[in-house]
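Here it is, the structure in full.
In this document, chain identifiers A, B, C and D correspond to the written order of the chains, with residue numbering beginning at 1 in each.
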Amino acid sequence: MYSFMNDYSEGAHPRLFEMLKQANLEQNNGYGLDDHSLKAKEYIKKKIGREDVDIHFIPGGTQTNLLVISSFLRPYQCVISVDTGHINVHETGAVEATGHKVVTVPGKDGKLTPEAIAKALEYHTDEHMVQPKMVYISNTTELGTIYTKAELTAISNFCKEKKLLLFLDGARLASALTCKANDLTLSDIANLVDVFYIGGTKNGALLGEALVLCKESLKEDFRYLIKHRGAMMAKGFVMGIQFEALFEDNLYFELGLHANQMAERIAEALHQGGYSFYATPGTNQLFPILSNEIIDTLAEKFVFSIQEKIDKENSAVRFVTSWATTEESVEALVKELLLYGAR
Amino acid sequence: MYSFMNDYSEGAHPRLFEMLKQANLEQNNGYGLDDHSLKAKEYIKKKIGREDVDIHFIPGGTQTNLLVISSFLRPYQCVISVDTGHINVHETGAVEATGHKVVTVPGKDGKLTPEAIAKALEYHTDEHMVQPKMVYISNTTELGTIYTKAELTAISNFCKEKKLLLFLDGARLASALTCKANDLTLSDIANLVDVFYIGGTKNGALLGEALVLCKESLKEDFRYLIKHRGAMMAKGFVMGIQFEALFEDNLYFELGLHANQMAERIAEALHQGGYSFYATPGTNQLFPILSNEIIDTLAEKFVFSIQEKIDKENSAVRFVTSWATTEESVEALVKELLLYGAR
Amino acid sequence: MYSFMNDYSEGAHPRLFEMLKQANLEQNNGYGLDDHSLKAKEYIKKKIGREDVDIHFIPGGTQTNLLVISSFLRPYQCVISVDTGHINVHETGAVEATGHKVVTVPGKDGKLTPEAIAKALEYHTDEHMVQPKMVYISNTTELGTIYTKAELTAISNFCKEKKLLLFLDGARLASALTCKANDLTLSDIANLVDVFYIGGTKNGALLGEALVLCKESLKEDFRYLIKHRGAMMAKGFVMGIQFEALFEDNLYFELGLHANQMAERIAEALHQGGYSFYATPGTNQLFPILSNEIIDTLAEKFVFSIQEKIDKENSAVRFVTSWATTEESVEALVKELLLYGAR
Amino acid sequence: MYSFMNDYSEGAHPRLFEMLKQANLEQNNGYGLDDHSLKAKEYIKKKIGREDVDIHFIPGGTQTNLLVISSFLRPYQCVISVDTGHINVHETGAVEATGHKVVTVPGKDGKLTPEAIAKALEYHTDEHMVQPKMVYISNTTELGTIYTKAELTAISNFCKEKKLLLFLDGARLASALTCKANDLTLSDIANLVDVFYIGGTKNGALLGEALVLCKESLKEDFRYLIKHRGAMMAKGFVMGIQFEALFEDNLYFELGLHANQMAERIAEALHQGGYSFYATPGTNQLFPILSNEIIDTLAEKFVFSIQEKIDKENSAVRFVTSWATTEESVEALVKELLLYGAR
């Protein structure tokens, strides 16, 4: 059975594997101070178009989120997120474990707006309440939607005006930056946010997120902070080598594009079949609404998850594609989807 | 220049690499719920000789330490460690970050004794002081020494009597269990301690520590605890596959043995050359005391670290061997050591 | 100007003052181990009708809340509260500071229901989300409403069935238990919840909340937990003496009754004047909706707070009465309210 | 039996009591924003001789310590203390509960020196270890000793040079500043340290420590930090009124002086009797070494604590005097001490 369960079912893209193998018996410095990590950082800086950012490789997304949020807030300060945000729902309280409240606001298609942030600010007026100091967004969002340049710029301007740090979770940034509707570049993002990360785990690496500190004041002592949270890997070069492979040319973006193209093919079939969507399609996560009957039939041949029960007879499901998704499997799914249609 | 800096300079042992490659395009369940992780756990249980332990793969040592200590203590309880313990010195306060004090007692050759623990207990008498509830030891210790079966049994009995949890950090357990003076088996350890881990990172894996929960009451909801601390890897199978390779036969122990044999050859030369030692040699870490002159000369050809300045003219250095250490490099170091001698 | 701002504007009820004075030059044991504290606990146990509860005096409400919640949850577990709950809004993240998420559900008139708790449980299904383990309610609620015996019993039964700890914040318990609609006794509460507190600060004491641990398994080492959070007062007897005064006869309830009667008189005038309410009146907090014009006029003579803007022309305000509220001030307010009416 | 157990056995000095009573039925603003607190702060500022400090009243010492330390350190930073420091031994891990390690160095007569701090700094060299950022001292120390102006100046200069914050715990500052050997003023202290507190609980108040923030950068949002740790009292005016009484004239110092004079009388007798001391006497805590026989005899008439067993036949005990210690009780103790003598 082919799985559209997630984008981390397979190992590493072959080119990353090859480079890991080549470097395998080299002796590297520990803790991310090796030449591969240095080179990878240079490649990423070049793609960003800025030399003045600091880059650190962190093993996983939840760990990166808790690390960033706890590093830059004072104890009484909170982070604002949409209610569907990963940090709010799917991290088992990892942010609160560092002492900080996640203040949530309703999202629009999984996205945050300056208006929503403004409401949270209005509500938090004095020392009897937490003080909002950081805004957390993700691109793509948990619902597979993306921020346009105009939207991100609006949030960025608002945050600057209100002295809020803007943090972008880019676990699926590859998919965001290579989807059809996207008009943002890596460089734009670095200029609009204070800190973000470029997800490796969900785009072809065995593990690793490249955390980019764009704001000068965030850089100090960051290696202490990484170690303090248990996120400093002895063999940091394992992440360094993979990001070297992803960024020495355009591989990172090619992998994101492939995932999107696979999803697009499925989305076309869904549109064609007259299915409706729980969230606007466009990247590597699709959330069509299917009847229970169709879901049961598909589940005999494919693996995927139920997002939410819509009513007695229908549920939103989630199909995820990745750098590793094969055309054969997509065609097989497409065939089934067209066979049943929405009606 | 050849490096004796540590045991995590190289990537993975070729057999692990091969198995990672074979499985690379398989679709695996996420978060450690894959078949490789299951199989690896079965292999390890067989080596331990017990089916009733729970095993979880955690990315790194500091993270495993903070996870274990914070999971099993109530807020006001502390862990006892020797003053040279890794959790006390080299983890940037990662344990305290979870809210728990590390109470230290002086070690003997890096090791803890029931007497030392007893002193800490006597001192902590009431609710104005933290309550000792866990004992942390490591095997090998930070000074490369090991616990004999008698020593570990004595500590284990003492802990049971005093209702203290016993936690063994086995980041270098492979070296401990395969060194000449060792009389402990993996099975002994599982029976004597409440929780321990089998280090992968320092014995041939890209990353990963196999945490073994031996005591029934520690098992409940442990996956929640892993996720809560950001230690649950999306691609948990990357660790599962490697532990599968290490434990399907005797590879884990063979790699430890190799590291020890390489260290032994160097230790022989040091003895022969009349050098003295900062800590009893016997495993893959050696701490000879060398004159500054010799240190400077060696530093032109080899990489290693200074452990501690002994006096104006001498320092203790640290040489570490690993599964990847080559005989050529050892012979080259031996040659130099014999050339200068201690006098 | 007379203040209806809150119920903690004045010092201690004269009888408490008298007893503090009498005991002032006695030599008492420190840290709450004095005879007055013992006696106060005995008095409270008698009112509760149970000898098998443990009682501790804690300086303030926020501190009691953070202490209780952090003491009885494992790191990955959360507490469920209505969105208007004090711990969620007005404690500057004090609960999250101990590492725990507050999961909120919508309230009905400030109150929680088994149905709302059930929804939160349904949503939190696996280790990627926090695990609900405690339910937090307050009586009276933040909106001055109360739980009936039937309502509290329903929540209690539900919590028992789902193995959730039930914690009742009784900062304003005196008002709750002496209001007209109340059908709960102190004894009922002790039998229906696992832990609760009897607020002193808002009912005639200089400071102090009497925390009652009803469930056997919660009692162990609680003094360690108090000290650990900085909540153990050197002069614990200052709280002990005051609770002795409040509970040696019926003073605690008399003070609550007085506050309610004062509020009732105001509520009558509000009803008479045709004003509507933001939340059902009945205890010592009233939330009438007034026109901005009336608010401005009243604000020249009285101090009170704005709860929420309702529309352009009207806001809900909050009037609070207490053990110290004088009839004169109430009559003065009543006179004004009747003068203007709602229309 | 008269107790020399501690300096918090009695309630408040009568003058404080009187002022509490006078203000009892006034309506005050909540949370420390009342006129009494304002006036008290003005009085204290006048004694300090500086208008540019911020003052906050905090209920207890442990809470003040954990609040200060957690407010001004980043997560990976630690505080340095002597091993006998109150935060290290007698606060049940309250500082670690906020995530910070207490790094200890050996003290001299309970006191810290620049040399000892320097050693701790030398040891903590990189991101694998916590980063020292604050120095904690107390005056008087846990052993009743004091810092001279020269000593405090040396530490202050050293801290400034090394960019360490200097925090002075003044739970017993009254005794320190009024003892014979003292050459420091309140003003000196404010100029030499970054943050300190003036203990009320142990010098005549029911509760309360006056925290003084001397350094500009520490002041921001401090009320958020107080609330966040549960240390903001609804009836903050209860502390405000008492500090008003202590500082409107010289009462605070008179009370300290009385305690010292009582101790002095006992110390004279101890000297006369030929007893030796565990720590240099001079303030309101005395630590004579007595034979077990004498201890047993004294224990029939007086309450005091055993500090430490010295050998089989002798122990150091602790006698504490306070503002409330009567001459009669001192004379009774003196009589006994002279009766037995040390030999």
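As a convention for this text, contacts are C-beta pairs under 8 Å (C-beta built on N, C-alpha and C of every residue); 3 or more make two chains touch, one makes a residue touch a chain.
Everything numeric here is computed off the predicted structure, so don't read it as measured data.
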Taking each chain's C-alpha mean as its centre, the one farthest from chain D: A
Pair joined by more contacting C-beta pairs (C-D or B-C): C-D
Chain centre separation (chain B, chain C; CA means) in Å: 51
Separation of chain A from chain C, taking each centre as the mean of its C-alpha atoms, in whole Å: 43
Mean-CA-position distance for chain D and chain C (Å): 34
Multi-partner residues of chain C (each touching 2 or more other chains): 75-76, 91-93, 97-99, 127-128, 130-131, 224, 227-228, 232
Chain B-facing residues of chain D, complex: 75-76, 78, 89-93, 96-102, 127-131
List of chain A residues in touch with chain D within their complex: 70-71, 74-76, 98-99, 127-128, 130-131, 221, 223-228, 232
Complex contact set, residues of chain A against chain B: 2-3, 5-6, 8-12, 14, 17, 20-21, 23-30, 59-63, 65-67, 91-94, 97-98, 201-202, 206-207, 224, 227-235, 237-238, 303, 324
